[in-house]
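Worksheet: one structure, shown below.
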């Protein structure tokens, strides 16, 4: 019996997450359920997709990832189960999995069709839960749906490229520490950069427009800033850093900043969700 | 061994919930513990009661619901274990279970009397935990307490009815999405309404007083708004809706609103905890 | 297989805690993982230390406490595993365990040295997770590190004592209810006080400086305020109280206050992290 992960926009204040786990336990008494996040901004499919993409690889093969963000089935969004590299992803076809499949090629995609087999009062989440427990028990995809070849196409914000010298991306996530995650990937940076020098501009205090005050180094991880040097680590507290994070996205941060006192990258850089970040190669 | 659920006002910042789970695990190593909520407003028994009422039916029979809100035993509040329909509820007799028993008729109520059997330093929660693990293991109620016939009477805010035309209720809960839950039940609405047309008034911008700007339809669920129609779902983003929620209470919301950007029902309707909501039948 | 507890500053919004649990489950499929807190202020080792000290005794012997606060290994902070009274504590040597060992004498301290045995991309947390699952399975400390005799010395804020009449402490934690926890312990109070009368001063509205408006009684617990008396408990709502909390630290609170409406001890007393609290004996 494999792990079921949960990613929702339900928040933790209400009874919704508890009730969801109660329903899973009712169907599968010894289920192992692990929360990825319940603090996705309501209906924000891009955020949900970023979180699930960043998290899934930490789980063992066979894990079933249940995503309850904008999960209502309607004439536009059917319910989907997708298999990839031993993981299962269950969600509405609302863009969450489409963004993911721009990076991975799913082995199998099924449109879930068990809705009329459940009791009359069954909610959308009841359907997804039933599929999740079925797969967690080792059940087959073709029992719960009909194989399809593609997800609904989503015009998703992807970084644009100009003259082989500029990557123009945007902020897709701001984490708990106030670090700013962009949609610029390490792969894109390496392929286009070809080891040329570069500068990163972003829109705090019109630095983006005036091309002022860039960051010029992307570190492999936060701790490298210190290890490369013989200063005390506290010397670096509060400096601006760029790294490729564990999910291989360009992330802008403040070294060892406490967002509640010093301020976070997001507040200090003046960046918010969807703002532009540019890398210019020389 | 059955599930133990937790509903408290402890919050998730401190070590309290972790310590509670550590104590349960010390008594019952393989306990399955599921959080319902730890974000109940401090000492708010009405909220705790609403959450537990909304959640319990999602859990399998045999589940033990431990409620740590205003749980100190004192001369006014004794500790109670209540059995109903295969579920157990453990709390102080402070109103949480009294509100619940206005809707359900408990099969058995026990006043817990094991306090002097525990070690001297035992806290109120140690007592409730000991009862919870005892019941989770299949232990009998009469081992941990003395059967009583009734809970302490609570004068609880119930909707009032005027001339068979008005139901006057109030806000009992505001959820993570900013939806406003009232104490008006579907049962009450159906029995009194007898399929007459109706209008729902509430006190944003003096609409209640001036009887302006009512909501005139209660949908069975949020997604029905879209399914009844051939417009795109996004047409409806931001419109006001009334539904009977899964716990069968009248809920006022904003369709697909993000409380952090567009504003929530609570903020847009100008409603807060205990504010009046009226249904007037014609 | 013993419990693994988690204490981090990761927050619950991001995927980090879920990914951490996924990695633990990958190494130890049936691990029992219990969260102590993920809301430690970023990099605040004093808070992390207070939480772990307050929580660990609620867990059974054999429990492995994994602390992911300021956990990066660098030239100043090595990774440590410490054994005490049947519990294991795993963290970077950044002060969290040093504060703890001012109260307990560890049986064994190991500097973790498995870093070069892990894959190249392994993060600091991967190292700590590997040690945690090893110990949870009953593995030996000497397999994962080299025994050392002492932790790095930390000059930690300890209360100072003047003329055998004043204990001058400070605020180390503010909890979810807004109660203010100081670093003054019950032991210190009893040893120095020798049952003399006392007054507690703190810095709201210059009461500390002007020595005005002290609290004169420390209760053994919040409920004692009511039990000692024949008034209704609601008489006491909102009064100022001092107690020794379950971790035996002096805590200042407001009886049954809701920080969201009435205000918390922290806001009403005008106290924040690191502010001074004095006990003066007569």
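All chains are identified by letter, namely A, B and C, in their written order; residue positions are counted from 1 within each chain.
Quick note on the criterion: a contact is a pair of C-beta atoms (placed from the backbone, for glycine too) under 8 Å apart; a residue touches a chain by one contact, two chains touch by 3 or more.
These figures come from a predicted structure and were not determined experimentally.
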item: Graph class of chain-chain contacts, one of line, ring, star, complete, other; value: complete
item: Classification of the chain A:chain C interface as same or different, half of numbers criterion; value: different
item: Distance from chain C to chain A - Cα centre to Cα centre, in angstrom; value: 32
item: Multi-chain contact residues (two or more partners), chain C; value: 12
item: Residues of chain A that touch chain C when the two form their complex; value: 3, 5, 12, 32, 34-39, 51-52, 54-55, 58-60, 63, 175-177, 221-223, 226-227, 232-233, 246, 256-260
item: Sites on chain A touched by chain B in the complex; value: 10-23, 25-26, 29-30, 41-44, 72-76, 123-124
